[in-house]
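There's a structure below that I have some questions on.
Chains: A, B and C, in written order; residue numbering restarts at 1 for each.
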Amino acid sequence: MAKADRSSWLLRIDRRFVYLFVLLALMIPFLFPGLTTKPAPLPSAKKLFDKVERIARERDEAVAEGRPYNKVVLLSFDFGPQTRAELYPMAEAMIRHLMMRKIKFAVMTHVPDGAGYCEDIPNQLAREFDDIDYGRDYVNFGYKVGRTFLIKQMGEDMAGALKTDVKGTPYKDIKCLKGVQDAGDVALMTEITGLVGFAEMWIQFFASARARPDIGHGCTSVSIPDAFDMLESKLIIGLLEGIAGAAAYNEFIEEIRSEDQPPTSPKARVHMTGQTVAHLLLVLFVLLGNVGVIMSALRRRKVAGS
Amino acid sequence: MRRWLVIIVTFLAGVYFFAEFFLPKHIVLGGTDFMWSRYDSRILDIVRVMFVPAMLLGIINILRVHGFMVLRRRKGWVNSLALLVAMFVTMISGFWGYFGENEAAASFFQQFLFRGMMNNLGSAMFSLLAFYIVSAAYRSFRVQNFEAGLMMAAALMVMLGQIPLGFFISEKIPVLRNWILTRISTPAFRGINFGALIAGLAMAVRMWLSLERGSARAGGR
Amino acid sequence: MMTNWAIPGVLVGGICVLAIYSFLYRENPFYRFFEHVFIGISAGYSIVMGVQYFVWPDFLKKTFGLNLLPWETYNPWELLMLVPFIYGMGILFMLSRKHGWIARLVIGAGLGFSAGMAFKGFFAQFLPLVVDSCRPLVAYHPETGALDLGSMGEHLLFVVTLVCVMTYFFFSFEHNKPVIKQASVAGRYLMMVTFGAFFGATVMARMALLIDRLQFLSEDWVRGIGEFWTLVFGG
């Protein structure tokens, strides 16, 4: 009977032990939540952050000069439970930034699952800020049917397309949307989604005869290479790259936050520590597999030589 | 005859948006100024209303498949019963909370069913992929030639650049990751994208003109 | 009747996560049960959202004049919106063998609408990509006017990568000619780098889902159990 290949155990680890090891390793960041480091300042997230800051500055200048300023920021939360892990933190970060700068915004979604997030995120954050009121500072349109057809209609006639908010208030009676008629009155449109084709829908169809607004995008990490293509060709002006983008955006917010404003959630930082552990784990297992193959090959050569 | 009816309907449905894109926004003929966008709102409302019954089709299909399993007591009928019960409980609580303005039903729908169950079940199901990706990388990611080595090196650089550890080791690592994504990945993806976009347009034209074999072929013979 | 289902939601949520993770050990009826429950809840949720956000406010109320203010009068022409609805009902004939062709009329209309929109979408997205791809191979510093070798190198790499990758996918001519063969091979190597980058990004996406669930279990679920314990047993 042939001797057992001693190096082959590296290639024969049961998958259930691999899963257990992953589970145990990823619990480490939660046992030591203070063990975090600063996430990388992603330039793509900085571009989106700077755009929001520019909107706030333009609004302040217009107000100082006595000019009317009726532009809003539009956000579309087109994600569900499957991708909420990466997209919920970035939606939260953007809303927090808009509330900090008191920029009027509207949220909506094209998917039924997103309606819950459109309800939860702004309302929960509004409770943290003292002076943010529904209707005056932000509005929720909830789930709107139509996708490309709706977006095309919104480009030319926002009131005709959106009709009412979730509370049934007609568009014309919503305070924060006074004077917002078409895409030209939208300072920034941000699509936060993990679904293929949704950001492209806004890029392709959201425009009026007089203007096409700046479009930002928050995507899952899987879509990063594709989204970078849109960023490089200036189809979008900023990009939040998955959970790393959300963490980076939170760091930018922390840099400008004043003491009297509510702090950002530490969850994103702890999450990124978990990502560090997960990535190192994956590299370890890939190395294990490759080392096992090399050792098996060397052993076979030795046995064949002797 | 039926086939021609489908072809004509498909063509006419696309004509409005096709003409709206290629013809000027204002068409002045004689003394009249014809503006396309005057009808946009109505046309788009019609399109949206037309597909409302598709929701009914979804429910009917679920009832057919899983109702049959329950009535015939086929293998796994308990799970099918659970599916049907969950669906009806969700619908009843949702409608009761909204139309009946019942606070308890609305809370049950939103906080228990959506946030408590649906969120966690959906997220957990997709999070299983994390285990599989580690297991698959361990079993099949073998650096056996130059191309695999190139792929591994790129993957390592990108992974290191996106975690805080990479930034902690050196500020240049995220910069390198960004360089790979913008200078190599972007043009490569764009090359693939060009092909996909042109193919998409070609497919759209073929669908519109019913040149595609099997287009609009659903149900019946 | 209980009006706040937040704590029970969190508790049951944790059980749901553990039920799904039981699949990692092996296939089991606990996992199957919760998988079916998830599909049921998702289907029901989509229906409720569709009716709540579109069918009732934007279609039924408007068509039958149920949202009129006291001084407004009903316009009977709104009933014409029932025509596309009845037309759309034709999709239900998909379930019939004999009359299934009627469903094709509705699907054909949908395909036609989407195809018509595709033209605008194509040009709105494609042309900016083509324009951006035409990068200057001779670049100058905006301030000094001197040759910017760094930018020139980057633009050259961009254009070469794009051309090589596109050459790899050109199957209209054989890849055994001198320049085309090299370009095709280079395109393949550059795509390997791209796929490596794609893999690296995918790892973060998948791990994010797992870390998020573990964060929920270790923070929200544990806190929920504590709150439930306090509620039921006090102290």
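Just so it is clear, a residue touches a chain if its C-beta (ideal position, glycine included) is under 8 Å from a C-beta of that chain, and two chains touch if they have at least 3 such contacts.
Not measured: the values here are computed from a predicted model.
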item: Furthest chain, CA centroid comparison against chain B; value: A
item: Central chain (distance from its CA mean to the mean of all protein CA atoms); value: C
item: Chain-chain pair with the highest tally of contacting C-beta pairs; value: B-C
item: Whole-Å separation of chain centres (CA-atom averages), chain A against chain C; value: 13
item: Computed distance of Cα centres, chain B from chain A, in Å; value: 17
item: Euclidean distance of C-alpha centroids - chain B vs chain C, Å; value: 4
item: Junction residues of chain C - those touching two or more other chains; value: 24, 42, 45-46, 49-50, 52, 54, 58, 113-114, 117, 120, 122, 125, 129, 133, 194, 197-198, 201-204, 207, 209-210, 212-213
item: Multi-chain contact residues (two or more partners), chain A; value: 19, 22, 82-85, 113, 145, 149, 152, 221, 224-225, 229, 232-233, 241, 244, 275, 278-279, 282
item: Residues of chain B engaged with two or more neighbouring chains; value: 47-48, 51, 114-115, 118-123, 125-127, 130-131, 133, 152, 156, 159, 162-163, 181, 185-186, 189-190, 193
item: In the complex, chain A residues that touch chain B; value: 13, 15, 18-19, 22, 36-43, 80-85, 113, 116, 119-120, 145-146, 149-150, 152-153, 156-157, 160-161, 209, 221, 224-226, 228-229, 232-233, 241, 244, 272-273, 275-276, 278-283, 285-286, 288-290, 293
item: Residues on chain C engaged by chain B in the complex (per definition of touch); value: 1-6, 8-14, 16-17, 20-21, 23-24, 32-52, 54-55, 58-59, 81, 84-85, 87-89, 91-101, 103-120, 122-123, 125-126, 129-130, 133, 154, 157-159, 161-166, 169, 187-204, 206-207, 209-210, 212-213, 216
item: Chain C-touching residues of chain B, taken from the complex the two chains share; value: 2, 5-7, 9-18, 20-22, 45-62, 64, 76, 78-80, 82-91, 94-95, 98, 103-104, 107-109, 111-131, 133, 146-148, 150-159, 162-163, 180-181, 183-195, 197-198, 200-201, 204-205, 207-208, 210, 215-221
item: Complex contacts: residues of chain A adjacent to chain C; value: 16, 19, 22-23, 26-27, 29-30, 82-86, 112-113, 115, 142-145, 148-149, 152, 163-164, 166, 168, 200-201, 203-205, 207, 220-222, 224-225, 229, 232-235, 241-244, 267, 270-271, 274-275, 278-279, 282
item: Chain A-touching residues of chain C, taken from the complex the two chains share; value: 24-25, 42, 45-46, 49-50, 52-54, 57-58, 113-114, 117, 120-122, 124-125, 128-129, 131-133, 194, 197-198, 201-205, 207-215, 218-219
